[in-house]
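Here come two complexes built around chain A, the first alongside chain B, the second alongside chain C.
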Partner chain A sequence: MITVQNLYHSYNKDDRYAVKNVSFEVQKGEIFGFLGPSGAGKSTTQGILTGLLQLQQGEVSVAGYDVKRSSPEMFNKIGMSFEQSNVYSKLTAKENLQFYRKLFDVETREPKELLKLVGLEGKGDIQAGEFSKGMKHRLTFARSMLNNPELWFLDEPTTGLDPAIAAEIKDIIKRDNKKGVTVFLTTHNMFIAEELCDRVAFIIDGEIKLIDSPRNLKLQYGEKLVEVEYIENGKSVREKFSTVLDKDKKRLQDIIGNYEIQTMHTKEATLEEIFIKVTGRGLV
Partner chain B sequence: MKLWHSFIKELKLAFRGFYIYIEIFMAVLLLVILLFAVPEKFVSKQSEYIHLNLPQMVKESFLQRMEDNDLDGKSELIEIKNDGEVIKVQFFESDTRKIYLVDNKEDVIKLADKKQQLGAIIKLDDSYNLAYEYYLQGYESQRLKNLFSIIHVENSDILQTTLDEQDVRPLSTSYEQLTDRQNILPSVLTFNGSLLGLFLIAGYIFLDKKEGVIKAYAVSAASVWQYLLSKVGVLMLTGIISSLIVVLPIMGLQPNYWALILFLLTTVFLSSTLGLLVASFYEDFLQSFGSIFLILMAMVIPNIAYFIPGWNPFWVKILPSYPMLEGFKEILLKNGDITYVLWLSFGFLAAGIILFLISNKRYKKTLTV
Partner chain C sequence: MLKRIWAIFTRDVKVSMRTFISLYILVVPLILAFAINLFTPGINDTTINLALLEADNPEQIAYFKSFAKVELFKDVESVQKRVEARDNIVGILPEGDKHYIMIQGNEPEGVIDYAKLINSLNELDIQVEDTNAEIIEFGKTVPPLKRTLVNGVLLLISILGGMLIAFNIVEEKADRTIRSINVTPTTRNTFILGKSLLGLVLPIFGTIATVFICGFGDVNLLQILLIVSAASLLSLLVGFIQGLSSDDIISAVSIIKLLFLPLFASVLAIELLSAKWQKFFYWSPFYWAYKGNNAVLSQTSTWQQILSYTGIVIVLCGIVYLIAAPRIRKGLE
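Our next item is the complex of A and B:
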């Protein structure tokens, strides 16, 4: 669905590249996570893929269209939800969706249905300018579904949303993905990436450091640990043990046999910990 | 259809914003000023403060002549307040002048100074001939000063006879003029109707950039030209509305309204595409303000040439507002040259298309950056 080869981009058109030698592919029906801290090159890459930025160097194909020669028709297949809400504040929620649906040449979804889906039922006649930040974000998200996109670009889709709404948004993404929609997810939130993505790419300083599935990354880079809290000589003690190393396994058996266990959890390395391990950098 | 939907959306936004109401308010304000503050004809009567230092008989002869020329055939005794002092004067009013006959020379000088008008003492010289002493303001032209120097050399009756004997024949009898009030309309139409588009379209574009809605438009299946043209369309419509608000009550059915609408459409098209092009170089309104202000000020210059026909150098005629003023004037005249208006419209349309194509190319590259 997306093919990127040797992509370079410089805002100043010099050798200070925001994105350099980026190559990857996204298969149809996949949820592909593009992860990295602010300024890593995520938005630049996404901007080029969606035609918001001009392709300077490299080969990019999106939904079967060469981005260099892209036409407005390409956008009939694409949906884009922006990190920063960008709706007409003087138009009502319904008018916003009604207007944008008329810009597509394919069958579109009913605004009323979409508003209900994102939890804005009954708010259709209110001007978007009166919405809270979260409501505007949901309206922006709803707009990205208008044309039943085959390829869905989502930029930080749950940022600023309360946990219940964020969970609903994640469910919508999962549901549409099951119907065959390909998702290109840009985020610095490793939890949502871990939960949704089939594969992730770690990008830092404009370069992709690694691409794999969260499961493979955990197997490859994560340590399997058990965290135990037990009582020893009347005091609470907390320790972590490897489930792989013999020495740790024996010590764990000893503790279970001889001490009063208060809590015991298996602990996997998070995607964030793996990101830090691989790139040497945090996600902020 | 996408263009139509974009146009309807822009129209909704315009009526829910405030720019359009500023435009309409300005049109109503200008109409009120033109109707209630600007006379049909500017009649400026010269005020003169005169003291007659003459023997009684000569003085009476002068007074008799002034009364003969007075509108109601008699003078009035009035009081003029000047720096807290009340000065009693005899007042005469003719078709062209207001004459205040003052009792003494000192009061003439005081009034001429305070009222910034002409003061004069008429007296007899040593040879018992009439002598005139004028008090001017200092800024009068040399021509006027020369005229005062020679006007009394000949007997004024001879001058009048000579003037009466001159035969003045107009070369064209079909030539009509606008009244002074109507003559202001081309300027109003050019700046409030046509050129306001330059400023407003930049406002609309920067508002969209601020809200980020341009990005959403850019990832839809619509084209940039549709986005740009829908905005131009709204400005064309509002330009016509605000212009008709002013023209209809003042001109009635005299102008050729089809020509007026065509001319408004093409001139607004040109000015708004120019605004589009300028706005494409900037991120926000503040950054673009200098350039827009400069262009608007340049467009004001032909207005000076319009009101001072003796001053119209070639470079002023190149500025688009010059032919705009001329075109609107031809439309408002009863027998105006509509062929000239059509040619101008064609020229504005052609120039507008070129600017629009350049703008479209630039916005394709810069719209979302």
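Our next item is the complex of A and C:
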């Protein structure tokens, strides 16, 4: 669905590249996470993929279209939800969606249905300027679904949303992905990436450091240990056991069988820890 | 493409109707047209206003009515009160077999002389048919000052279109919606055309309204619309540039107001300066537009003349476009 080869981009058109030698592929039906801290090159890459930035160097194909020969038809197949909400404040929520649906050449979804989907039911006749930040964000998200996109670009889709709404948004993403929609997710939120993404790419200083599935990364970078906290002779005891060594496995079985277990955790690494391990940098 | 242009245009109209300053600009042409109608008769009419008594001889009233605008009052006090009003009106009141003239004192001498003359002609019973004068008519039926004002208003309206464009672009920038338009099949050219439409429709609507309200309904409308549309191109360009480079409506307006400078300079040059100075204003599209409108409003225009003026305006706007296009395109990225 997306092919990027040797992508370079410089805002000053010199050798200070915001993105350098970036290559990756996103398969149809995949949720691909593009992870990195601010200024890493996420938005630049996404901007080039969505035609918002001009392709300077490299080969980029999106939804079967060569981005170099920009074709308006490409936009009938893609949807884009921006990190910063951008809706017409003087139009109502319904008018916003009705306006944008007129700009597409393909069948579009009913504004009322979309507003209900993102929890804005009954707010359709209110001007977007009166909406809270979260409501505007949801309206921006709803707009990105108008044209039933085959490829969906999501930039921080749950930022600024309360946990309940964020969970609903994640459900919508999962549901549409099950229907075959490919998702390109840009975020620095490792939890949403871990929960949603089939594969993730770590980008820092304009370069991709690693691409793999969250599961593989955890297997590769996580420690194969279990930490157990149990009660022995009235005292709380904490111990770590290897999940690979036979001696530790037997001891763990013995503790589970004979003592009262208080807590037990596998010591698998979080995506954030893996990111720091791989790039040597945090995600903020 | 047309569907999208229409969608952008109707959105802009809807938003303009919800913004006070834009709504005001939309109705300004009508206000100006009514204002011209209200004030120009007093300035331009060669006839005078007379205040007479209702009880006066009907034949005499009819005589005065054929030379002046007559208002009738029931008594002398009412006539006096009317004469003392701010405009120029002369009272002619009976005294025995004759009439005397009542004035406020600040009327132009010509008005008083004219009233005296009509009164004398009436007393001498001289009718229009008694004249031996031969009349040669040049066919000019429109008061020159009214034509000048209407012409100026038409050019002013073309600038207002640019202001509306600037407002709508500023709004798009404030709401960050240009980016979201750019991820739809709407091309940059379609967006520019859609945004421009309001800047053209307002001058067209304003021109038609002004022309008809001010009593110029019998002029060649197509010719005048051609000229006004061409003159609007300059305002459209300035509107786009200012919309893209301004962060708020006030700063956009303040720059667009600079367009009034070449407009007024062009009008003053044509109306006040001699032929040798005219060439210094050839660079202004408003100069040619004003000339063209003048010809149409005085009904002396030919298609050849109008097409050549329009052509010059378009060429001048084209030069501005060549300079401005890179800035506009960059601003829309």
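Criterion: the second predicted complex is superposed on the first by the 252 of 284 C-alpha atoms of A that agree within 3 Å, B and C clash if a C-alpha of one lies under 4 Å from a C-alpha of the other, contacts with A are read in each partner's own complex, and residues count from 1 in each chain.
Operating definition for what follows: a contact is a pair of C-beta atoms (placed from the backbone, for glycine too) under 8 Å apart; a residue touches a chain by one contact, two chains touch by 3 or more.
Predicted, not measured: the structure shown is a model, and the values here were computed from it.
Visitor: Put chain B and chain C onto chain A via the superposition and say whether they clash or fit.
Guide: Partners clash after overlay.
Visitor: Could you tell me if A:L7 is touching chain B, chain C, both of them or neither one (first, second, both, neither)?
Guide: In the superposed model, A:L7 contacts neither chain B nor chain C.
Visitor: After the superposition on A, what does A:A18 contact: first (chain B), second (chain C), both or neither?
Guide: Once the two structures are laid over each other on A, A:A18 reaches no partner at all.
Visitor: Just chain B (first), just chain C (second), both, or neither: which does A:E95 touch?
Guide: both
Visitor: Which listed stretch of chain C (8-16, 62-70, 80-88 or 98-106) steric-clashes with chain B in the superposition?
Guide: The superposed arrangement places chain C into chain B at 8-16.
Visitor: Check chain A for residues that touch chain B in one structure and chain C in the other, and list them.
Guide: 50-54, 72-76, 78, 80, 82, 84, 86-91, 95, 99-100, 102-105, 140, 143
Visitor: Which of the residues in chain B come into contact with chain A in the complex?
Guide: 1-2, 5-6, 9, 12-13, 16-17, 211-213, 215-223, 365, 368-369
Visitor: Which residues, counting only chain C, touch chain A once they are in their complex?
Guide: Touching chain A: residues 3-4, 7, 11, 14-15, 18-19, 171, 174-177, 179-187, 333 of chain C.
Visitor: In the complex, go through chain A and note every residue touching chain B.
Guide: Residues in contact with chain B: 47, 50-54, 72-76, 78, 80, 82, 84-91, 95, 99-100, 102-106, 127, 140, 143, 147.
Visitor: Along chain A, where are the residues that touch chain C in the complex?
Guide: Against chain C, chain A makes touches at 50-54, 72-76, 78, 80, 82, 84, 86-91, 95, 99-100, 102-105, 140, 143.
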